[in-house]
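Report on one structure; see the data block that follows.
Going by the order they are written in, the chains are A, B, C and D; count residues from 1 in each one.
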Amino acid sequence: MTDTLSFNQEISNLLYAAEGEPLQTCIQCGTCSGTCPVAPFMDYSPRQIIALINAGNKEAVLESNTFWYCASCYHCTVRCPQEINITELMYALKRYSIWKSQHQEGLIGPTFSEAFVKMIVRGGRSFEPILAPSYIFSFNLRELLTEVTGATELLLKGRLPILPARIKRLENFKRMIGRIIPMGGLE
Amino acid sequence: MKEYAYFPGCSLEKMAVSYHQSTLETTKKLGIKLKELEDWNCCGATTYFYIDELLAYTLCARNLAIAEKTGLDVVAPCSACYKNMFFTAAHLKTDADLAEHVNFALEEDNLQYNGGVNVKHLIEVFAHDLTPEEIKSKVTHPLEGVRVAPYYGCQIVRPQKGKEDVEQPQFFEGILEAIGATPVNYPLKMRCCGGSLIISSRTAALTMVRNLLKSAVDSQAQVIATACPMCQVNLEVYQQQVNLEFGTDFNFPVMYFTQLIGLAFGIPPKKLGIGKEFVAVLPSLVPAGKK
Amino acid sequence: MSDKPETKQFEPTIIGFTCNWCSYRAADMAGTARMKYAPNVRLIRLMCSGRLDPMFVFKAFAGGADAVLISGCHPGDCHYINQNYKAMRRFQLMKRVLAQLGIEPARLKLLWASAAEGAIFASEITKFVEEVRALGPLNFNATGFENQPKVEHKEVPA
Amino acid sequence: MEKKEKIGVYVCHCGTNIAGVVNVGEVSTWAAENLKDQGVVIARDYKFMCSSLGQELIQKDIKELGLTRVVVAACSPHLHEATFRNACKGADLNPYLCELVSIREQSSWVHTDKVAATEKAKALISGGVSRVVHHEALEPLHVPIHPATLVVGGGIAGIQAAIEIADAGFQVYLVEREPSIGGHMAQFDKTFTTLDCSACILTPKMVQAGNHPNITLLTYSEVEKVDGYVGNFVVSIRKRARSVNEKDCTGCGICWEKCPKKVVDNVYEVGMGTRKAVYVPFPQAVPKYPVIDRENCTYYIKGTCKACEKFCPTNAINFAQEDEILNIEVGNVILATGYDAFDAHRITQYGYGRLANVFTSLEFERLSNAAGPTGGNIVMRDGKTTPKVVGIVHCVGSRDKNYNEYCSAICCMQSLKFAHLVHERTGAEVYNFYIDIRTPAKGYEEFYHRLLEEGTHFVRGKVAEISDAVRLPGEEGKLIIQVEDTLTGNQLRVPVDMAILSAGLEPRADAKEVAKKFGISCSADGWLIERHPKLDPVSTVTEGIYIAGCVQGPKDIPASVVQGAAAAARILGKIQQKEVLLEPVRASVNQDQCSGCRICNNVCPFNAILFHEDTMVSEVNPALCQGCGTCVAACPAGAISGTGFSNLQILSQIDGLLMLNIPRKEAVV
């Protein structure tokens, strides 16, 4: 049965059950896209993404930057007249994209997310200096430099830690995560 | 005396240490005891949910389980931490299946979560658990004539958590009025700052920051007050980047609401972490401080 | 039973009482809207849930029903002003009596459904059937109490 | 049993509605074989039992086989019970000896498992057969119908209904809460699509209703209590004190001219204008008598003033007047209480109440009305500036699960009308922001095309927000409407001078109480429910209570008028019949068994049970009894029985329903 799932169903299954209304109830009114502060930067507006999902156009959805540009501000979600949780949909698309290892080339989001989660899995807390170089190195020099300028100043103001933060019961913590996902996947 | 379990979150350890300091100082003055959670872990911001939903809920549940042992409501000063913990708690309460999976993982750290924790944002403690009179009674240096733009950002009120107004809430204004400041009508107060995009989608985030700063300037505010470390860093630290990108000349102070309360309470600026900011805050507050 | 196909799961028989004005019309509405629910409930139409004589409920259990559903208009919406409140009180009493007879009180359900609530009517029936299925067949027969396990007589708080 | 009944069982296919799921052949064969002991002598199945051929089948069997009871397994008794009873009656069998078993609504339509549905159908028929044995031959109760009618609500639907009935020669009481009839239509400027002036077409009807010898106008009045049943309702009406003697007042207007107290008019002028403390809501008001608004009148607040009294040429002012309670008898009732406009404050992101130049549709109606506060000048909130760009927002409070899920039906046309008026009177650029344009009536689509030709901009997208957050050049001092143009996928910021929110329609705030008062039901969102959504749209499940206009759901003026007239026609038909037949479902006390405990006296909600002190027994008054059966269930002596729903009937039905289960039970034990 699993191989007969449509793209729409696959995505719906990735939504938490309480997130309510399935995507096919979308009336394409555009409230989400009119509200979204990032919409002008997206390849497709959130409304168009829902239309593409409902049309089964998986390639166009996965190759778009839309869900990686979602700022998780939930403004669309509180306004949607059909009570679709669009923000959770964007999360689901990110998970789907990472799961299928398919995303638009040149996006920072996917690599950054993995780096960030790996860091937390290793230490239990987030630590900005480790983080910044580990993802920025693979991108362009200009962004690295601007980031470093800011970082140096933060460091001088005492707002960046020198050593990575770790929680005390780290071994338990790692085993706990092991019960959810295979550690090999993220370590 | 009011007592809460306190989940500072990673940002408050260093990046937003002044938020942490001012929170501790102001609550102490108000007779509120904050008990930091023992060995808490990162809430994952929004990023956990990009990778694995169950993992995200489990990591938040670990903090909730630790908080449950204290028997207190847990308070988070960061909006992202608050939103994650709030919805994790809500889902674990209604979804027995999810709770079972999560508790299975928590066993490894000898923890169990039974659904008994209320999650609050720090600003809710000031806005709802304290009366304006309680705040007013500690004010020694009212911020008279200081025009403050209250910046709610996104995740304090969104998605909807109770019956509160998600479009035009007024509780932040209430706190500012209690310390004598003038809250300005500021049309973008509910707009997202793009905090979670600053690394991954830089131009988009900087545009959002610029729009917010312009709106604050247009409303003739002197300072933006925030209740979230992500918003503060984004709006303040990235002002230079905004100026570079758009040729603007913003030099606009962005402070934590607890710092403003601290100043009104007459707490020495240094104790409130003032001095660690990129844009000097004191000049605009000097007239108020002297009164 | 010979004329039924071999079923893996227990199919309870439930007798349902509805009033003529709200809950029977909710059943009608579930029908007109083609909402699907479990086929285990057989309905009896009364004019009002206030007409429900407790005798009917005990008779149903004695006759082989595994559970009984009582449904009426929402409190405050009774076609006869407030007779459904009487049904509500009788319902509480009947649950106590059932407990004393050694029948799980959960086998008796009260459901308010307005004429517009076909969907609620349907989903509540399916839910109730599941609950009764979990309880298993009613181990009680019409010939008397001889075969019954000894019932501990517990004081039921008023 | 002394006498063996002869029962016929008829299983309907209802085309494939039943036969598609329930094996009807198997069911009828089973009934013929297994229900013999109960008295079944014949069981048949037929394609459409309700057709004339189906009914003849029953009648033939009654005559030829001497059937004494009939069970029809078909649809819900609420649909066809009357049909089959009449069929029995046609063959000289008492109609109450027929039982209808619902195997469509309760089996074939709600189950998918064919075996289970067939088994359930058998059980239901078995129950029906066991029950019908104990049916008694009954006669319906004949109740005379009072020829007067009560119409509640004096908007266009209520006015239309009242005039129709009155013209036919019967008495009508028209009750209206406000001081004048007219309703929302009296507030409008123009009506779509013909753009007739609303007052020009409404005023003559108001006058006609006001002057009609058969219409008793009760304005500034409300229904307090309703008793009785179809044909014989007794209604208490509170006629609030106007503080003006109607028989003396000439409506000359001197009182409101002289009254020194100005009050913001939140009803008729929706806060856009003022009236006096003594006032008629608008110049064409019917009746012409003013009312004194006691909450705002200086005399009632401070005890002095009385300017109106001093100047009144006919001494009609009466400060001491008190509310009056009128008790009237009517045979039928029409509820035409209308709608409330959606409160636009609730959508905070649209800025209504916060941003000055955001208007609601009713405000715009007053703004564009020549008799309104600006004399028909479409100007901004400052009262003088003509807008250069106007944005009209559709679907405000409609088609949105956060507010109302339904479509309000009138907003598209209303918005198009506004766009036309703005364009015509100001020459301003007009934007319509819509999700879908819905113009499904005569001439409506053509009106839309006219607007397209006029050059109105149509942007397909639900407006996300309206703000004063100015960002780009050219936006200073404007309202910014933020929306996605969903046809191009672009996020737009449209700067406008004025935004009009085309607010949807909502049930009256007290719709639920009104429904309860009249014994009918509301849907979950608060609209009153008609008996059948397609085939019986103006009557309700309570005999004698009819609904018309927006109280039943959002609709425009033509549709409201149609419903008012339809409800009137239905009632005129009833009045012509002079009497109504009622179900003989009544309780009665067997005086030999009555112990005189009086428990039944108190449970009866209609006070229909009398206690005879002399004989120490209770008796049911059949004229008051409504047949709920609560007393039957409550009687500890079993002395009360209810016709149609006796203990014997129900207990037998339980036996019948469970007949199939007994073998399984034995297997379990």
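We take it that a contact is a pair of C-beta atoms (placed from the backbone, for glycine too) under 8 Å apart; a residue touches a chain by one contact, two chains touch by 3 or more.
Treat the numbers as computed from the prediction; the structure is a model and nothing was measured.
Considering the contact criterion stated above, the chains in touch with subunit B and with subunit D alike are A.
Of the two chain pairs examined here, A-D and C-D, it is C-D that is joined by more C-beta pairs in contact. Put simply, the C-alpha centre of subunit A and that of subunit D have 50 angstrom between them.
The mean-CA centres of subunit C and subunit D are about 32 angstrom from one another, to the nearest whole unit. Separation between the centroids of subunit B and subunit C, computed from CA atoms only, is 52 Å.
Per-chain Cα centroids separate subunit A from subunit B by 22 Å. For subunit A, residues that reach two or more other chains under the stated contact definition are 40.
Those residues of subunit D in touch with two or more other chains are numbered 349. Contact of a single residue of subunit C with at least two other chains is seen at no position.
Each chain pair that touches appears in this list: A-B, A-D, B-D, C-D. For subunit A in complex with subunit B, the touching residues are 14, 16-18, 37-38, 40-41, 65, 68-69, 71-75, 77-78, 85, 87, 91, 94-95, 98, 107-109, 112-114, 116-117, 120, 124-128, 135, 143, 146, 150, 153-154, 157-161, 165, 167-169, 172-173, 175-181, 186.
Taken together, the subunit D residues at the contact with subunit B in this complex read 347-349, 354, 467-471.
Against subunit A, in their complex, subunit B makes its touches with residues 10, 13-17, 39-42, 44-55, 58-59, 62, 91, 94-95, 101, 104-110, 153-155, 158-160, 166-167, 190-192, 194-197, 199-205, 207-208, 211, 237-238, 240-241, 244, 276-278. Listed in rising order, the residues of subunit D touching subunit A in the complex are 349, 395, 399-402, 435, 460-465, 482-486, 489, 491-492. Partner subunit D is touched in their complex by these residues of subunit A: 27-36, 39-40, 44-45, 47-48, 79, 81-83.
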